[in-house]
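Have a look at these structures, which come just after this line.
Consider the two complexes below, in which chain A is the common component and chain B and chain C are the respective partners.
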Partner chain A sequence: MAVRQFSGRLSWRPNIAGLVTMAICGLVWEMAIQVGVFDYQYLPAPSAIIRGAGELAASGELITATLHTLESVFLGWAIAVAAGVSFGLLLGSSPLLRRYSLATIEVLRPMPAIAFVPVALLLFGFSIQTELMVIVLPSLWPVLINTMGGLMGVHARLGEVGRTFRLSRAAILYKVFLPAATPAIMVGVRISLTLAVVLAVLAEMVGNPEGLGYAVVSQQQALRPDLMFVYVMVIGLLGLALNALLVGVVSVSFPAASAEFKGPRW
Partner chain B sequence: MVKRGELSAFLRLAAAEIPPARGLVPLLTLLTVWQLLAPGPSAYFPAPFEWWRATALLWDSGQLLPAFAATVTTFVEGLALAVAIGAGLGVTIGTSRPVERALGPLLEFMRAIPPPVTVPIATLLLGYDVTMKLTVVALSAIWPILLNTSSAAARVEPLLFDVARTFRLSTADWIRQIVVPSVVPFILLGIRVAIPLAIVVTLLVEMLTSLPGIGALMIQSQRNFQSAQVYALLVMVGLFGFVVNDLFAIIEAIVLRRWPARGVFRSS
Partner chain C sequence: MAGGETTGQQQRDFVFSCRSVSLKLPYQGGNRWILADISLDIRRGELFTIVGPSGTGKTTLIRVLGGLTPCSSGSVRINGQEITGPPEGVVIVFQDYSHALLQWRTVFLNVALGIEGRVAASELRSQVLGVLRLVGLEKNADDYPWQLSGGMQQRVQIARALAVKPAVLLMDEPFAALDAMTKASLQDELLRVKQETGCSIVFITHDIEEAVYLGDRIAVINGTPGRIERTFDVTLPKPRDQIITRQLTEFLKFRYAVHQAIGGMTRWP
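Right after this comes the complex of A and B.
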């Protein structure tokens, strides 16, 4: 008997019932607006959103905003991964360092990402640095924790094997522990990408007035709900696309890591 | 009334959740160096003692407590709503295969939308008020709870359903004895993921709409370039996140003793 998974992620036959439900919801939404059942003044019909998408695509605003958000996501994510893996390797391979820093991590980690926005604005004003600060600090933790945990989870015997072959400490870390910890590290790297997208949008909404996040807020203030919904959908699709891209890249370049990698998304 | 044994067990649990204090050395070193290098007020890096002064000033002005109360109320109510709706819907969806298949793609699609962008949507549709604040927080916190609950409900050992039929359990007994024990650990897992989301979205609503709360206070002090106050609020929000996380870890440990996450799942 097949394992039942939410939305049948394991089964490859198309989920007709699900697609039909979505289509019906879209139709009901459209009809309700045309007939005037909803008395929400600012709820656009799906057809209006599609027209809005065409408008924004033609004017080039959509592309500019998307590129800006993509740039900050990738920059912030790259910094977070580099810093997270480095600190994770340090903490994972040294019990002493771990003893004298775990509590600091536990205190700093639950800091709500958005609390960094005012400080970042204070330090960097309206600039991409503000966005990067808001993206990097919170998305560092999943990489750091997973790298550290991955290293600690490697069986000690593998290290002994390395010593038997008279490998140096650095070589043991690089040739034995790092490859063994890669699946765990990749999980952290993916969580951090998903986070980076959300944080970039967040930073643009209340911090740096550029990109998709700011576009959503400014269309809301301009009372153009149709255009606002276009940006909202683009943000959702961007997250899905980046995640799919990363899963693809990882399953090609680290086949061993990909089994664990596709696990639950939350 | 808490019995003495339970209280000491509770305190032990609380202590077990906090890592040894010697791990605070890097943080304290950083703050000390900061204080020594920049001992006074500054537009960018005010000294940690200035943060303390700013906190006292905020407290004296009478702004801090109402703002904090507003934020905590929204957070708790929004999370409670999300738990109630998310767990209820999750069990309904998870225990029925057709419902699960029909709603799956729609829910996946809605979940793909990052929680922060629901704020502008809700402001347009519902206007600036407390209902909107609650709706937005509940809506963003609901997904992890809903998805964890429904996948747990969908994976209940089918044998247990046969057992329930054999014993002719009533619906109420069936829920109490079979569904709840297998779903509760995963509702908790969902809540743990939802907590930081709910905090972030609560603060975001306050920042974007200037509805009273810590978020509004933060953005206001940043706009007035009161740097010490900005840092002071950052520390307070950080402490709030830390305390909520810790408190929930304790609650989770207590509840999991009653309903441990084992026995009901197939090893897949």
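Right after this comes the complex of A and C.
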């Protein structure tokens, strides 16, 4: 079971060495094209991509596409997290429910996301619902499995502590089991966010013609590789930024949950 | 149940009354008896120690008293009432403090667990700080459990139990995992806390000297399934003192008698 402790942390110190490597890679790419070592008709130089970015930013296309993709990612991810945590809590606290539903889950879980696209298209047409269906179904599982596993992994003693203080079942779940399982749940929530970005772009490429995914495809078909690369890189940056944002939010809102595993035990 | 009923007078004197308590747990497809025919009365306000080798059902017995595990036959009463779940005013202090404390809560919030939402905020604060002072941890209110030593963590657990002003503390080998010096100082702290709060304490240990040093009465539990072999009234003078008490001839006599009751070091199960 994919349960491990949440250990992501943000550092505000810029990684100079890492940035230097990136700059060198860009420079090598640029020079290889200028000198003619890379000779492909549709491989643009970084300088052309940067010019393209300026063009797209000025026209507002970049913003529109990014906002659309962001919207689907957030909506889909929020639904996946809400459903995953709810079902995970139910399954994690009821052996009976697990016995009845784990088989179904194990069949559904490995289904490839792309297989849902035609189904979603038939059901919802070219709409954000199609995107959401493609995003939610696969990104639900990491949250659900980690919530269930996190809950089941809580030491039995903690439940007995709740009982000896005569807390209600709800209070034991809310005050004891849920916080104890939070690091595991957060792992699922993070995996699910990364998945949601990938799935949104995928759904836009082959399903709903909007957002960054569709923009990549349409620039390719318009034979504008410079603009296509702009969208590809924006997708990469979006994933990076969203993950960093989540890590930041978690370390602010659950300081103890992450602090717990930071310090040495003595 | 001839002879099993307690009278009204006894109900006032005894917190717990066990009559012919037996307990079996499922084990490898069948059942295994853990406790057999346990009958004992625990008097109000006393420190009752239960001592015995490991594997004799000591922990199970305290779980029965704390309402975490129902017995298979016999009757367990608290203040005359049959126990059906964790009774009010009874709190268990577990041996494994690292699992029993909420690692994501500060010391203050750990101690507040049993009273938060049940008393007003100002009262909660004074009550928590009061018990932290009682166990000498008032300076550590904002620390997390993992920042404290084992002895301090166990004191947090004791403070958390005391915060609900329990009538009875059930302590399951609370000092077993601690070093000798920490153990001695916590023993004295426990006696002092009992003096100040007046609560009854059932204290489980496999350490014979600890049982004699702390106890007003001692029950020796032995065998598989566990049975009460003997009970002793400990007539050692109070207050107890780590050096003076332990040098008394009386102390050594009790130590010897408990050893004999357990079967010395020669009898293995």
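Criterion: the second predicted complex is superposed on the first by the 237 of 266 C-alpha atoms of A that agree within 3 Å, B and C clash if a C-alpha of one lies under 4 Å from a C-alpha of the other, contacts with A are read in each partner's own complex, and residues count from 1 in each chain.
The rule we apply is simple: a contact is a pair of C-beta atoms (placed from the backbone, for glycine too) under 8 Å apart; a residue touches a chain by one contact, two chains touch by 3 or more.
In this text, all values refer to a predicted model and were calculated from it rather than measured experimentally.
Of the two partner chains placed around the shared chain by superposition, chain B is the only one that A:Gly239 touches, whereas chain C remains out of contact. Between chain B and chain C, it is B that contacts the larger number of residues in chain A. In the superposition on chain A, contact is made by A:Leu43 with chain B only, not with chain C. Applying the stated contact rule after C-alpha superposition, one finds that A:Val73 touches neither chain B nor chain C.
After overlaying the two complexes on the shared chain, residue contacts for A:Leu193 are found with neither chain B nor chain C. Within the superposed three-chain model, A:Val119 lies in touch with chain B and out of touch with chain C [touch as defined at top].
By the touch criterion stated above, A:Lys175 is placed in contact with chain C alone, chain B being left untouched. Judged by the touch definition given at the top, the superposed model places A:Ser101 against chain B, while chain C stays out of reach. Once the two complexes are overlaid on chain A, the chain A residues touched by chain B in the first and by chain C in the second are 266. Remark: chain B residues 18-27, 43-44, 94, 97-98, 100-109, 112-117, 119-121, 123-125, 144, 147-148, 150-151, 154-155, 158, 190, 193, 196, 199-200, 203-204, 207-208, 215, 218-219, 221-222, 225, 227, 230-231, 233-234, 237-238, 241-242, 244-245, 266, 268 touch chain A in the complex. Residues of chain A touching chain C in their complex: 155, 157-158, 160-161, 163-167, 171, 175-176, 179-180, 182, 254, 256-257, 259-260, 263, 265-266.
On the chain C side of its complex with chain A, the touching residues are 66-68, 85-86, 88, 90-92, 94, 96, 99-100, 102-106, 113-114, 117, 144, 146-147, 149, 164. Considering their complex, residues 1, 3-8, 15, 17-22, 25, 40, 42-43, 99-108, 110-119, 121-123, 197-198, 201-202, 205-206, 213, 216-217, 219-220, 223, 225, 228-229, 231-233, 235-237, 239-240, 264, 266 of chain A touch chain B.
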